[in-house]
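This is the structure I want to talk about, given as structure tokens.
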Amino acid sequence: MYFRILAKDHVSTFVEGLAHVYEVFAPVKNESGFSFEQVSDGSSIVLDYPMTIIPPKKYFVRSKESLFRYDTHSGDVVESELEVTPRVLFGVHACDINALLMTDKVFLGDYEDPYYKARREHTLIVGVSCMPVLTCMCDTWGTGEVQQGCDLFLTDLGDRYFVTCHSVEGAHVLDTFADTHEATAEDTKALEEHLRAFREAFSRPVDATSLQLLFDAKYNDELWEEIGEACLSCGACSAVCPTCYCFDVNDELDADGNAGARVRCWDSCMNSQFAEVAGGHDFRPTRASRVRYRFYHKFWSYPARYGKTLCVGCGRCDVACKVNINPRRIIGALQEGARS
Amino acid sequence: MKKTHVPVDSSQAYRELRQNPYRPWPARITSITKLTDTETLFELRIIDHKVREQFNFNAGQFMELSIFGVGEAPISISSAPSKKGFIELCVRNAGSVTGALHKMRCGDIVGLRGPFGRGFPFEDMKGHDVLMVAGGLGIAPLKSLINHIHDERHEFGKVTILLGARNPSEILFRQQFDMWRHRDDFNLIMTVDTPDETWDGEVGLVTKLFDQIEVDPAKTVGVICGPPVMYRYAIDEMRKKKLPVDRIYLSFERRMKCGIGICNHCGIGHKYACIDGPVFNYWEAMNLQEAM
Amino acid sequence: MKPRAVILSLSSDYGCQVQMSNFPELLEMLSTFELGYWQLVSSGDMPQDYDVAIIEGAVTTDEQVALLEKVRSIASCVIAIGACAVTGGVPALASGGPVRGQLKDVYGSGSSKVGIGARKPEPIKHYIEVDFSIPGCPIEPAELSRTLQRALRALTDNPERQSMCGECKTAENICMWTQNVPCLGLIARSGCNAKCVSRGRACTACRGIAHDANLASAFAFADSMGCPPEEFDALLKIYNAMSDQELRKEAVGKIAAQEVAS
């Protein structure tokens, strides 16, 4: 592994160097909190942020995007190319990087989503370490660290970052745009200290053992009625979730009606229309059944297909949900009788 | 800044044709046959001849039908795979897309993507007796299977079709089936809930017809397709006839949007109707939450 | 031949029509119709025959009821635009008590001479069948444009069902409730990209109450945040005095009962 040390004073210059060649998106502070935005000025970015409102998924599956345009009369598709600009996502937390690895499985599986793929292939990811806030539960899923999925990862050592290079392209941009030096034994010691502090900062452990079995056994538990009664069906949870990727597709016509676009937008399985078929039969007619489906997908279906729980413990839903519906509570309720 | 233009025409099944999986092929409506007040059979022909020639499918698979400017809807294929060059879709006028389709005429252009999903295991069914139960629009995907079996009739044993509808005017493909009632090679029994003066068939639920048939459980494959309420009862009858759980096939209706296992709209428990189904055997279905 | 459209107003401030006139794309869309009459901009009479009627405003007089019935008998497609027409909007705030009493409150002893034929303000759908509803105060021009496209293709209405919060998160807003500002995004119908919250103001549910809204849970949440049910309901009444009245009453009653119990 190629390790380098980047002084915090030099981050700005690094970002500005990158911005000459790439579009750079990084967390910035605004009146709403923190969000990923395009930056050119390195001093505007904030790397020690708790969490952004919306995860970086917005750069790969946009909240709303045209898939293609067509001629309404001939059905000919008139645009079949996607303009992608080389990009850097700078300052992505480990949980969000792991979330991208999870959506990769879906969008780059047997059928590849060409839009997602093109954007993914043209985006460099620079990760950054963090310290957990109260809602974080990456310790449960082991998603607080990255083995893959980024090009560079910066670990905060106080006045400097310990930089791990995960890809040759990452090493290349680091060599070109950043003023770094070799890691010393002292840096390694500081890294160990950071890792220890990170581990010790988690104070609310969640026991997720036997989750699938318990979910099945309690599939008809009154827990779901209780949760369903509280759910606002607002879709805030899925909007902020880095691993929620459901979408809807609709047609939008130009004013003259001669051409139109097939438009994809984020959807939520909390939406009452989600599982409704033409003619009106709804396979998930109650709020309870919809909330249960969302967690079933995260804790049962996705793991059954791809081997991992579809949650990275970022805690965004915990913050976004007004009525306290979140993985921690659901898992807690499922585990209740089994707890030692 | 260097911008890159990436052709968004990739994806496994379509790679030879350089097709984006979301991108429909323009197709022309070549024939329209009104079946009932709400259902119509549309025959479509993909315009691009290269695509048309390579197009192939299994009975039980579905297409995503586009009406440009309105949207897409999943529709199962009703024609047999042996019918080359054309695709027949039996469509109920029930939503925006199907409503718009019902206003179209011969020669008009629609879009098609597909075929998607897992159909009936036609090859594995060979050498068996086949017992099919269909209710209402459920006959649409079965029609493809029936016609395919018809094409290779000698490969199959006894073929029984139990067909139910609410009333005689709602029986799809009635003309063809009326003629088939007198065939020796297909045992077709039709029933309606509410008969009228034209009706000389059975009256009552389709499951009642099981009393009239002999089933050899050792060599019979069961197939069920109908409205959601029908499955439970039809399965019970097949189980009473001792059909093994993995030799009963069910085709499920769901809201397949993308068709390629991504958008999540057609989730049935931990599977997707679009890539794992829409045809599941009963063993799979009984292990799927929300299936029935 | 182009289909003929008319645009008329009942009781409103014409804000939606002003909004329409400000959007070139919508005007382009409207040019696919023969615009037979536009109350805001034309001085001529309504034509005898038309296909599409776009109606703004709440119903507040007997005369308007007669007009609506006539319009419905002529137009094959009726589109209600704006909060006033769709939910009764702000005018419906006056729907609580008898009209005469309210006229007296406002005009005093001379009230017998005003307000002849006045009625309790109501949305259009209470009188005639409406094919499409474009909610909002004012409307989203793009939504009207899309609806006109649907009308041209004889499609049916396809309203947004979800409540605002999800859309508001997508717009990356900070939640008003975390700043102790009561916000109706919890139950408001989505579709405006959370315009108000994006500009620092709480949602007033001018687009109506969402199909998917969970009123009971929203009222309980508001109560837990120090916004009692009566206060939350008063906010909701600004645009939705006539919507989901039973459900609202139920939600308020449920919390009151819980408080008594505890």
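Observations
First chain written, first letter: the chains are A, B and C, and each begins at residue 1.
To be clear about the criterion, a contact is a pair of C-beta atoms (placed from the backbone, for glycine too) under 8 Å apart; a residue touches a chain by one contact, two chains touch by 3 or more.
The structure displayed is predicted, hence computed values, not measured ones.
Among the other chains, C has the CA centre that is most remote from the centre of chain B. Two chain pairs, B-C and A-B, are compared here, and A-B has more C-beta pairs in contact (counted per touch definition above).
Separating the centre of chain A from that of chain B, both taken as means of CA atoms, is a distance of 37 Å. Averaged C-alpha coordinates put the centre of chain B at 43 Å from the centre of chain C.
Chain contacts: chain C has residues 149 touching two or more partner chains.
Within chain B, the positions touching two or more other chains are listed as 69-70.
Multi-chain contact residues of chain A (touching two or more other chains): 253, 257.
By the touch rule above, chain A contacts chain C in their complex via residues 31-33, 35, 52-54, 63, 229-236, 238-240, 252-253, 255-257, 266, 268, 270-273, 287, 320, 322-323.
If you check the complex, the residues on chain B that touch chain C are 69-70, 96, 99-100, 103. Interface residues of chain B facing chain A in the complex, by the touch rule stated above, are 1-13, 20-24, 26-27, 47, 66, 68-73, 92, 94-95, 97-98, 109-111, 228, 253-255, 257-258, 260-265, 267-271, 275, 289-290.
Per the touch definition, chain C reaches chain B in the complex via residues 149, 153-156, 158. In the complex of the two chains, the chain A residues touching chain B come out as 21-23, 67-68, 70-77, 80-86, 106-107, 109-115, 117-118, 122, 216, 219, 245-251, 253, 257, 260, 262, 264, 267, 269, 274-279, 281, 283-284, 289, 293, 296-297, 300-301, 304-305.
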